[in-house]
Amino acid sequence: MISRSSGLQIERLSKNFGGVHVFEDVSMRIPPGQVTACIGPNGAGKTTLINIVCGVLSATSGDVLLDGRSLLGLAPNKISRRGVCRTFQDVRIFPSLTAVENVLAAFPDQRGEKLRCLYRPGSQWGVQERSNRETALALLDAMSMRDLAERAAGQLPFGQQKLLALLRAVVTGAPILLLDEPAAGVELELIPRVTGLIRRLAKDEGRGTLLVEHNVDVVREVADFVVVLQGGSVIAAGPCDHVLRDERVIEEYLGRIYDA
Amino acid sequence: MDHIFFLGTLICVWIIVSVAANLVIGYTGMLAMGQAVYLGFGAYAASCLNIFLGVNYFVAVAIAAVASGFVAVLTLLPLLRLEGMYFALATLGLNFVFFDLFRNLGPRVEGSEGLYGIILPAALATPTAQFFTTLAVAVLCIIAAARLVKSPLGRALRATRDRPDALLSLGKSPTAYHIVIWGVAGALTGLAGGLYAATLFYIDPTLFTINASILVLVYIGVGGLASIGGSILGPVLLITFTEALRYLGLPSTLMGPIQQALYGALLIGVMIFRRKGLVGTHDFQE
Amino acid sequence: MANALQLLTIGIGIAGYYALVAVGFAIIFATLRIFHIAHGTVFIAAGYLFFFLYRVYGVDMLWSGLAAIVVAALVGLAIDKAVYIPVMRRGGGLFSVFIASLGVSLIFDAGFLVYTKGVITVARTAPLAIISVGGVTFRALDLLVLAVVFMVYGLLYLWFHRTKTGLAVRGLTDNRGLAAVVGMNVGQTRTLIFLVASALAGIAGVLTAYDTGIAPDTGSRTLFVAVVAVILGGVRNILLGTIFGSLSLGILTAYAGFFFPEWVTFGVFSTMIALILVRPRGVFG
């Protein structure tokens, strides 16, 4: 169900909001089957980067390519259908839908969402829905959230909502995932589920993941590559171990994290 | 006895309108304040097809319903970029725009303000027949709507209501759902309009003003948002209740104002104490 | 040619009434974001009270007018305290407040309908003095209305720019959150906003009742034109915007009323929709 991709390429991307430079000349690659973490202080533009890739914001210059085709200028839902799916820092699950409904809402190409299929005998939308539901419940089960399936998502604790949002993105089948702080706010004992899922998505399903994260332990746990964004540009990029041991990075960024 | 059947028919008509309105307002979260436009369009379209072109009334109503759906989508398209209060205001404005259109350009019988002379088929010829036919149509609409809201489409509508931006990130278009459900609601409302015209036997533009749009809001506001049951409960309770008021022996000139004041009080009460309505599932925060 | 000027004069005349109703609505909308559709109700409540005191009870005209204005201010405030604040306190948003406002209008309009049996109520006993200048006729009352508008706007300007309370109100139009942080008593300011705005509507109501009279639906009619005036002028500069909007709408409705009387409603609301679509912030926004 997951389509293949040769990866996402961010080329010399720059963004300024009327004089305020958020970042300049940022390039990075999100290869399939690998987890690329993007770290950096708050306000460095990590979420803005995701917003641009996903079509919510426009780029000032540069390009974003998926399998060689530019994504710039496309509507967010078109980009998602091309195969790039993101999560939000502030979660944004559907509060009045139950947990399982939240996951179900994300399945692509549902016949039951088409009006003409609903009333046409033989469209088999019910069969597809039942199958999707089984998949959704299994996923919730894997996150140990099966018993929360019928609870309104708005009433779940923040950490569970975060997991739910992650499952939603997973279920779209997108080969490229952009995860905005998936571990932030998640209870300590649930974090291994997050890291486990992210690793499985990369290694077992071959998805390419961009992970924006402040939690260095999570980064160390799942990331293959790390890109450090600070002061509007990439100050370091490379394999996870190298970057996390880089003196500049430790001094500028990690040091502050450990002090705080 | 005829009068009771007439009342029953009216209730069924307003149930259909309420179900439609709840689909767009309760389930999809669109602040629609102009449903009377499509009610009127359906009524006029069906009547004209029958009176001036001799089309069998059932066929006329069916055509009118489809046409209403199209007109609904046409009126929605320019408004798609609006949100919240601005959208509500624009749909509110449509009431007045179409009122003048109906009044100045609307077909009418010579020498009167309105239209009459529908040739009714047997199944709509007497109050009794009208009631049972309209009831049957209402039941079909209820069943169809219930299937819709329980389906993945219904879920997508609620997701659109909750967080359209998140829906975009999942590859789906809130706009597409807005258009689909608005068209469906427009068609249902137009259908109700056709049945309404048959029941009243005389229609004129004053039936389809902002007051009618507000009436629907009261029905689903009280009955309950995002609930088929609420769409049924609202009209049943309120139409029956206002009818019962008649038997209190108050002068008939007082009936209209009393009803209006009552509905005003209900709107206030619902907005303060229970925006969910009686059996609604959505407590809107807007 | 004379016709055009005459229509212009008529337009300016009615613009005066719109200006008085619109500015109150604009202040409430700009500061609190509340779509106070019941403002039209306050407007005619004052008119009816004025008529009641002056013509039915024989109270001196000036005192009747003043009493009506004061009551209008209190009624407007009461609506906020009894309806809008409870709605918002229980989690209702701006649309819910709007619907509740609609409910208030329905109740009051029903009451007025019963009281007057739908007949237009005119408070004036004597015919109005007519003035003729250069082929254009108007009434002495028109001059009075314009004088009142001028005075009201002037006082509002002074209030907004020279007094602490007025500056507090202006502060709310700029940034609600900021005002709260600076420690202004939003509650008191809110009370003042409703009192002032409603009193202004009251003035308009008294004058209208005296002039051409009022009917139960005059409130909504006038209010909606005032709303379009506010949308047209924008609320970035309340006084300038409302004057501009009111003048435009006054003149437009005068012309439309003469050439296309059947289509005035259509025109007003098409304009509103067009404005919302094209420039919701208005000309000066």
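Just so it is clear, A, B and C label the chains in written order, and each chain counts residues from 1 on its own.
We adopt the following convention: a residue touches a chain if its C-beta (ideal position, glycine included) is under 8 Å from a C-beta of that chain, and two chains touch if they have at least 3 such contacts.
Worth saying up front: this structure is predicted, and the values here are computed from it rather than measured.
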Of all chains shown, the one whose Cα mean is least distant from the combined Cα mean is B
Return the chain pair with more inter-chain C-beta contacts, choosing between B-C and A-B.
B-C
With centres defined by CA atoms only, which chain is the most remote from chain A?
C
Which whole number of Å gives the spacing of the CA centres of chain A and chain C?
51
Separation of the C-alpha centres, chain B versus chain C, in whole Å, is 32
If you average the CA atoms of chain A and of chain B, how far apart do the two points sit, in angstrom?
42
Which residues of chain C are in contact with two or more other chains?
none
Residues of chain B that contact two or more other chains, please.
none
With touch defined as at the start, can you tell me which chain B residues reach chain A in the complex?
144, 147-148, 151-153, 155-156, 158-159, 161-163, 165-173, 180, 184, 281-282
Residues of chain A that touch chain B when the two form their complex
54, 56, 75-77, 80-81, 85-88, 92-97, 101, 104-106, 108, 110-115, 118-119, 125, 129, 168-169, 172, 174
Listed in rising order, the residues of chain B that touch chain C in the complex are 31, 78-79, 81-82, 84-86, 88-90, 93-94, 96-97, 99-101, 103-104, 214, 217, 221, 253-254, 256-258, 260-261, 263-268, 271-273, 275, 283-286
Which chain C residues qualify as touching chain B in the complex?
35, 83, 86-87, 90-100, 102-107, 109-111, 113-114, 117, 224, 262-263, 265-266, 268-270, 272-273, 276-277, 280
